[in-house]
Structures are given as structure tokens and as C-alpha cells.
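Labels run A, B, C and D following the written order; every chain starts at residue 1.
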Amino acid sequence: MLIAGASGFSGALAARLAWRHPRLDLVAITSRSQAGRRLDEVYPRHRVPMTLTELDLQEAEEVDAAIVAYPHGAAAPVVSGLRDLGVAVVDLSADFRLRDLDEYGRWYGEHGAPDLLYDAVYGLTELNRDAVRRASIVANPGCYPTAALLALAPMAEAGLVDGVVVDAKSGVSGAGRGGGDALHFSTVDENFKPYKVDGHRHSPELEQELRVLGASGPVTFVPHLLPLDQGLLASCYVTLSRETDKAELRDLYRGRYADEGFIELVDSPPGVADVRETNFCRIHVALDRENGRAMAFGAIDNLWKGAAGQAIQNLNLMLGFDEAEGLR
Amino acid sequence: MLIAGASGFSGALAARLAWRHPRLDLVAITSRSQAGRRLDEVYPRHRVPMTLTELDLQEAEEVDAAIVAYPHGAAAPVVSGLRDLGVAVVDLSADFRLRDLDEYGRWYGEHGAPDLLYDAVYGLTELNRDAVRRASIVANPGCYPTAALLALAPMAEAGLVDGVVVDAKSGVSGAGRGGGDALHFSTVDENFKPYKVDGHRHSPELEQELRVLGASGPVTFVPHLLPLDQGLLASCYVTLSRETDKAELRDLYRGRYADEGFIELVDSPPGVADVRETNFCRIHVALDRENGRAMAFGAIDNLWKGAAGQAIQNLNLMLGFDEAEGLR
Amino acid sequence: MLIAGASGFSGALAARLAWRHPRLDLVAITSRSQAGRRLDEVYPRHRVPMTLTELDLQEAEEVDAAIVAYPHGAAAPVVSGLRDLGVAVVDLSADFRLRDLDEYGRWYGEHGAPDLLYDAVYGLTELNRDAVRRASIVANPGCYPTAALLALAPMAEAGLVDGVVVDAKSGVSGAGRGGGDALHFSTVDENFKPYKVDGHRHSPELEQELRVLGASGPVTFVPHLLPLDQGLLASCYVTLSRETDKAELRDLYRGRYADEGFIELVDSPPGVADVRETNFCRIHVALDRENGRAMAFGAIDNLWKGAAGQAIQNLNLMLGFDEAEGLR
Amino acid sequence: MLIAGASGFSGALAARLAWRHPRLDLVAITSRSQAGRRLDEVYPRHRVPMTLTELDLQEAEEVDAAIVAYPHGAAAPVVSGLRDLGVAVVDLSADFRLRDLDEYGRWYGEHGAPDLLYDAVYGLTELNRDAVRRASIVANPGCYPTAALLALAPMAEAGLVDGVVVDAKSGVSGAGRGGGDALHFSTVDENFKPYKVDGHRHSPELEQELRVLGASGPVTFVPHLLPLDQGLLASCYVTLSRETDKAELRDLYRGRYADEGFIELVDSPPGVADVRETNFCRIHVALDRENGRAMAFGAIDNLWKGAAGQAIQNLNLMLGFDEAEGLR
């Protein structure tokens, strides 16, 4: 397999996971900006002793699978080229997440491969496993939607969600390399703030998938930047469509996630440190019955379950492996 | 003046502010656990060269004002004793915040001075300035309600609030000294989590004051612990009672806070670092018109405007000084 | 095997490593203060689904190996009891590190099992591998000496060290649970300070082993507390006994550590994040030729190579396994 | 007065201090990269409501004093231009710190105003107060030399220093804005590392001034990067030229710094948080008598006493004010 865009945070972690994966054979890692450097020089802690190269699609003929970790816009043509070669692709960008081309255009500009949009499968593994198995292109979900959707799915599927506020908080690695002053240590350290309160690109993705799950009512999403590196928490405040109780909620979640190896239902609120450097999503549900509201908290590592970990999980399925291979 | 309970985080900061205050004469700082130690040994950075003593109410006869920074329950009898001596008191505990004795009992147990409950004034300065001026006992607000109420007040007063979710996040100093493993560096560092999701003591205080301001609808409040020392952000999601627009909201806030020296209205979301070590509250309001929701974000330093700073602000008013004395 | 004292930071990590170890069978984890609780409740991130129990030496008859993670003083009798049962023991405390009983007494008080002192092997694996293999009791080294000795060994063995200053810095987890105000998040966050400058307990251990390796001259050691959780760096400033050059130093280190799987020699200074959550020690050597000084920097994760990781490494050797089993 | 280069960390703090200074009249703040923006937009927490402009030396005729916070190389011509106008200048760059033009060239390249080199006074206030008072150009010391020299001066002046290792650690703000990946939050957070071990630009400055003070023997200096924003600690290990004892050292330091308002001698090791957001230098001296070594630890806020604070302190002296004006 190959990883295109392995010098960013998500791509580099994907390279680490693929390199140590018992059934994947990582043959190339590419980078537009760092070609020629060794990955273990750029990211010592990942210990991947390979050299970053320029992407050459002709060489890609030999691989059967790829993870593309390019920015949106730049990803679509690469995914398209790989697809033409018959390569199974997991795309970490937003390019194939939105079903609606107009909506895509509104948030991201012109689409680079609109004809492929309907071939792609939205790869939130636990909610879409069968489709992922059969997919040739998987659009790996955004980190915020991953945590929020997993936290909300059982309620949404049960028709309980009639409006939701998702107040989400992410560690800095979710914003990627670069970023200039905004991600300088001195800006982030001992600080905490909301951002893009007038509209974050994960909003339409979140709303689209909540509708698929059966949620109604207004969806408000606001992200915040945490002064930590890896970790993401989505605090979801649900306006309930009807009365419920703790027992029903508990049964709903236990039933829905009974066989899920990467979902951990917990009796007290999760901390993001509980899932750091893992592919787990920890979920806690609580009820504010007096107010007719339920609360669901989902914690993930934004680089793992929120990006590279879930990409490997999806690739495992596409290739017919156990979905947990290389993620334990 | 004297400060009772000056070895906790809030009390110690109150001591620092009083010590450098141009018009206050700090004659005693007391502590139940650290009597005999110098405050500049316990908190080098505050540089208050005074020795902590045991509280002796008889000596308090000579002072005209006091800040009490005891835990709830322990505060009431001290406040009562000081009041009997004619001392103007700002109480940092929750003992005099709730109007309803039953509600107090439900959250805190038996009240130590129930007869004084109705003498106390809720000291959110910007919302209650005149009453504070005339008060003999001021119940200094909790840190979470301070940020949330200041962020919401203009909308609540205008009858726009028909339900609100307050997702609040505080730095660790808000939890005080002690705390054992829960506040050990290794527990908090690189972590972030909600807590007391089934009911935090600041909930009834927040709801009580929101009702006073004119808010209707359900009030949900969930606190989270940030991996930083000083700083608090309240993200408030308002279900609007009627349609509004950005211009109306802006005018509402500008009008309401036009003459407020410690309120900063800003055009982009505030970070808690913007107000660290200050008595300011920074507020940003945004509109999610499509969903009929408004969002208000209030950032404070939990130890300053959320505790000791506001205590000094209130004390200034009670003593007839400019309310900003010693806080610039 | 069993782990005694699994509720502390090092013991808990040892439990995690043993639980996932392909050749170890973890049958009991004990705790004096937390017996009855599940370890995955105390440390969610370790995901060890076992319940902590009281230590019962009689049950220990069934195990062949143990890691003891008790404080010094409390460890010796437990190690002694296990030894009587024929259990191979790795002791994480300081009880069996010092060869000189008087020196032990000076720093730690009376010794609980002085007769065993000479049976114990100092378990800095890379320097003492053969003795560890044959040992029945291994005294696992302190975290500071581990980093400093690995950084200095090649020079010391070559007779180049004629005096050294070890300026060492450790993350907070090295100080363990408890600690009260000194390890409260608000004390450590955004802070950095030296401690025990008049003598740290790792000093005699460091000096003892440096002498064994062949170092002469004064040894000064000062620890500092870093505002991070896991990670330790020893910066070692060597007064050289004779002239040398970069090439000689490089050859010395490459030769000495050529076959070491957990030693990483690097061409630029290591950061502690490079080795977090690993058993590696990263070493960089530099020469200040003008001043006749060499500098060696050793970075480890204080809980892994500095405690539990090295304990597993040693246990692997004692039991005849590949020393890297369970540590990859 | 004016501040040239007010958009960097040091220049912006200088602007804040000057803006609130009771006797300075800040008339212009300039920036090469951010001209046109308001400083309170770039640095909200400094609350300086002025707009950054392009530097125009002709306008500078009206000012009597300036702080130049340009990078080395760019500073010299600006200082030269200001000097021609008769403006008293404190320069934060390295351009006028080294006495030896060759040494300057070796570390920084060609000098932009070599003729002024000998007019400039090295502005470590406590060591050079009289010369600063009479100076027209003050070379404000580097942050590392400030802490190390203040910690070592009494011993050096007494002829006790016969070699020293300075192991120094600085918060990230010391590295300034920019910095790219190296100062990205994700690189620095939970990390700690030495840098420039083969020679840091503060080395020749430190050695030059130590010689002036009377130190002999080798001087080794290694900086490390701390995962915190503001704070710097220099740990200095002195090879003593003769025997001494604690009492002599204590008397030496007390005598030397008896009248210094910004020096705090303390009986236990200082933490950098003790001096954050202050102009103080906290110093602790200890003796390792057995090894013939003394240890001196100096803690400062790198942006205050290590840069902008000391610049104001020096400017106060040059203008005939109390040196603590605006710094309390």
C-alpha cells in the first residue's frame, strides 16, 4: 500500500500504523513539501525508517490500497487517479464526504472529481460497516463528526433527537501543521477559545449524517481549541422528541454498540486522556429529565479514531481483514 | 480590612489585591490550616509579606470590611459573626447566593445563618451595582454563573431567552487546593473532561439569576475541566423566543454594557488568555439564525472576575470607592 | 506473575505491560490503598480489567515472578518474602540498589532485609545483562540514574570521565501519586524548578554506578521538575581526563551500543517526546573541545525505561525470554 | 518615546509597559510586518489601543527615547539613525552586546554600525547601573546571560569562579514569533530538549561578561526549551577556585544585592512561576562542598527581566527616573 501526504500529522500516523501493521506492506510514503527527507527525521517518535518521495501515480499501479492525506481540493484528483488504477482508497480529506455538490461548493469551492462523489462511502465504520466493506473509495469522516455521530447515533436512530447542540473541543494536532501564529505554542498554551462560530466546515457533514440517522430539529455545532496535543471531546445536548429515562437510554446504547470493539460505554464522563493514542471512542450518556434534554459525550483521539486510526480500520474492512488489525 | 481564609487560591489572590490596594489597609489574613506561615512562602508569586493567623473575631472589631474565603457551610457562621460587629462582608462561598433555603439545603445541607439569607445581596456587580452599594453582606457569585450571566444578561433582559445550554469550561485553579488525585498534575495534564454532569452546585444559582433577568425555558449547565490554571469560558446556546438579527443583538449588548469598565465586547471569539490576571469579562455574541439560536461566549479569569477580583470590586462599592480601585 | 503495588504510576504501567505481554500470565495485582477497586477504573487508559487485591504472600507461591512497586522501606520485607518462596523478583524501590548499608541508612533509614543486599543485582539492563539473567532479585535502577548512566557509560568505561555535572529534568509522573500541593496541577503548570539541590537520593546510586564504570572526579547531580507528565532528560557535562575528538566519541558510543535494541544514538539533541510511551533511551553526545568538556544527553520515558519498562525488560531476561517481549 | 518592532513578543510587552508607564509618553509603535493593525488586535491581553505603523525616522525627531526590538542585523542601522537624532536608545538585539567585532562577525555576520559598538553600554542594570545612566545606547542583555550573570556575579566578583557549566532552560516565548514547525504547539507540548549544543549565540556574550566580572576557567553553556510560555531558569555549576562555606556565600550574595529592588535571594530553589510577569530575578545559591562546587540558580521571566522589563528599567535610568517606574 502507499500513503500520499505522509508528512502531515494524520498521514504520518497512518504511516506508522501501516508500517507496523501485520498484514499491510507499506511500499511508499509521499509528500509534496518534504520529499527526500526520512519520516523518522520529521517525526522521530513514529520510528518509520522510510524516505518520503514525490507521488508518482505510475508507481502506484503496483499497490492495491492507499490512504490519501492531502488537503481538501488537492485530494480529489489523486483519489481519482488511484481509483483509475483500481486501488482501494481511503481519503482523509473532506472531498468525498458531502453528498450534495452545491453544499460542497459552498464550503470548499469547485470539486475536483464530482463524478466520483456518489461512489464514495462515508466511512464512519460503526455506522456504515457493510458499505465500507464493498467500497472502492471511502471518505474518512472528520474528527468532530466522528465523535459527535458516535455519541448521538443510538438516540438519533431511535428518533429521540429533535435538535442538538454540539459543543466540541479538539487538541491542536487536529488543526494540522502550519497554522503560523495561530498554532504557535505561545498562542495556544494556557489558552482556550471557540473558533469559526459563524460556520465550521464540519457542520454540513455533521448535519448530513445526523439526518441520515434520523435526527430532526436544528443542529448547532461550535468547535473550540484545547491547549493539548491529541484528544477531542464532543459534548452533545439533545432536545428530546419524547420523554425517556435512564434505563431506556442505557439499553439503547448497550444494544447498539454491544459488538463494537472500539466503542467504550462508560458510567462517568470520559476524559480525552483515556483514549489518547488509541482508536477507541468513549461515550457517556446522561439525562437532564427535568429539562427534557439528554446529554451525550464522546471522546476520541482526533488523530486516531478521528483520522488515521479509523482510516486503517476502514482499509482493513476493504481488504477483508479483521477491522482491528494493526490497531490494538 | 481582613481576609478570612487567605491560604486558598481565591483568598490568597484577594490578599494580594488588598495588600496593593491604594485605599484598603489589610491588617489580618487568616487560615485554618496554614496559620503561622507567611503568605509569601505559601504563594511566592503574590509577594504578600504577612503571616497567616488564626481567625479571632474579637480582633475583627477594629476592621470595617472583610472578605471571607471559607468553604460553604464554614462561611456562614463567620459571616454572621462579622456582621454582628458591623463589618461589611463579601463572602466568596455559596452560603448566601441562593434565595431559597430549601434549594440551599438540597445542594449544601443545613444553613449556618438562615436569618441572614435575605440580607445578602447577590454580587454580580454589573447586574446589581446599586444593591451592592447598600449591602452589608455581599454573596460573591460563583465563577461559572459570573461568566454565563454576563454573557446572557442582555438577551435575557430583552426577553429573548427561551431555553439555554451553558457548556462551561474552567481552569484547574477553580477547583481549589486539595483535590487529591483528581487535581494531580498527571491527572489533568493533556486531559479534558466534563464533570458533575448530573448536577453541579452552580446550576441552581445560575437558574435563579437567569429567572431574575427574565429568561424562560430549560436551563442546562455542564462544567468541564481545562488543562490550564486560570481561565474560564462559558459557551451559551440560546433558544430564541423570537426572531432577531445581528444588528439587534449588537445594539443590545453595546447599550447594556456601554459604561461598564470591566466588560469587553469583542467581534471575534474570546480566548481565556485574553483576560488572564485581569478582572475583565470578554463577551462575543453570534447568531445561528437558520436554527433560531443565538450564541454568547463569556471569558473570565476564574480567580479574578470569578472570585477575588469581583470581591474587591464589590468591596470598593460597599466602601464608597471607585469600583476599579486596586484592579487596574 | 504478580505485581505488588499496582496502584502507583509505575506499578500500574507494569500491570499494563504484563497484561498484554505474550509470555507472561498476570494472575494478581495488589495495592495497599486501593484494594477492591478495578485497575481500569483507577487508570482508564491502561485498560487492565483486573481487580486490585491485598497482597497475600501465601497465594504468591503459585507465581514464578513478581514486580514489586512499593516505596523504599516497605519493599524490602515483601521482596524478602517473595524470595523465600523462590519467586524471581524485580524491585522498583531503592531498597536493593545501594551496595553500602551505611550509605543506605544515611539516605533511607534502617534496611528491612540487609542480608539480601548482596544477592541483588543492579538492573541497568544494558550494563549488567548477564548478571540480570542469573539474578533472583533485581534492583531496578532509579529513573535519573538510568538516563545518566546510559548517557555516560561509554565515556566512563573508556576512562574519559574525570568529573561530571548531571543536570536532570523529569516529568511529574516520576514523583508518583500523592505529593499534595507540590504536585497539584496549579503548582506545576507553567512552572519549572530544581529540587533537593542539597542532596537527592539518586545521588549515591548514580555515583556508585559511575565508579563501577570507571569514572573519577566529582559527581554533582541536581534534579528539576518539568511541567509535563512522562519524560526525563539527563544533561551530563563531563570534565575529560584527556583530549578526545568527535570521531573517537562517536566510535565509542557506536561500538558500545551496536547491538542494543533500546538504545538510539542520534545526531541531534533528543527531546523527551521522542521516547514517550516507549522503552527507548535516546542519546546524543557532543564535544566542547575548547573547554575540554564533553556533553552527553540521555532521554527516556521515566515510567518506561526509567521504571516499569525496564522492569519487564529485566524480568524477560530472568525468565529466559527475549528481552524485548511485550515492550515493542 | 517610540518602540520600533512592537509586533514581536518583546516589543509588544515593551509597548504595554510604556503605555502604562507614569512618566513615559508612548507616541509611536512600529512594525515591519504588521503595520496598519492595532496592537490590541495582535495581542489582546496587552490592551494597548494603538495602531502599528511603518518606522519613519523623520518622525522620530520628536521623541527623546526609543526601544528597538528588531532582530540582530536589522537593529544596528535603526539604532544608528536614532542615535544621530539624539534619541536615547535601548536595543534589544544582540547588535551592540559584543565588544569584539570579530566575535560578532563569527556569530552574526557583518555589523551594520561598527563605529557605535564602543559607545554602547551592556545594560545588565544591576551590574552596570552607572554606565547605563550615562549611556546614549544601551545594549539590553540576552535573556540567558541576564539570569546566569545575576546568579553568578557575586561569586565571580569574589574570584571564586574557576569554570562554570550553565545549563539553562527557557520558555517558548524566548524564541519569538515565527519559528514554523519548531515552535508549533504540537512540537513543544509535553516535550523538552536541549538545542544548539554546538554553540548558542548567547555563549560569547555570557563568557565576555563573566570575564569582566572576574571569572576564570572554562565556560560551558547549553540552552533547553521548556514546554511553557514565559520563564527562564539558569542552573549554574561552579568549579570553585578555593574552599568556601555556606556562610561566606550567603554573606557575599546578601552584601552584593542588599539594595537591589529586583533581586530576590531565596532559601530554596526558585521556580520560574514565582517571577512570571514580573521584573524580578530570584536567586538561590547552594554548596556541594564535598565536590568543591557551588551551584547558583537564577529564575527570571524571559520577556520581562530578560527583555522588555529590563529595557524599561534601563530607560528609566537613562531618563533620570526611578528605575522601578512602570515595573511595579
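Please note the rule applied: a contact is a pair of C-beta atoms (placed from the backbone, for glycine too) under 8 Å apart; a residue touches a chain by one contact, two chains touch by 3 or more.
Since the model is a prediction, treat every value here as computed from it, not as a measurement.
On a Cα centroid basis, the chain most remote from chain C in this structure is B.
The interface with the greater number of C-beta contacts, when C-D is set against B-C, is C-D. Once the centre of each chain is set as its mean CA position, chain C and chain D turn out to be 38 Å apart. Rounded to a whole number, the gap between the C-alpha centres of chain B and chain D is 38 angstrom.
Chain C has its Cα centroid 46 Å from the Cα centroid of chain B. Multi-chain contact residues of chain B (touching two or more other chains): 189-190, 227-229, 270-271, 273, 276. For chain C in complex with chain D, the residues that touch the partner chain are 165, 167, 169, 190-195, 197-198, 218-220, 222, 224, 226-231, 233, 235, 237, 269-273, 276, 284, 286, 288, 290-293, 295, 297, 299. Per the touch definition, chain C reaches chain A in the complex via residues 44-45, 189-190, 266, 270-271, 273-278, 282. Considering their complex, residues 9, 172-173, 177, 179, 181, 183-190, 227-229 of chain D touch chain A.
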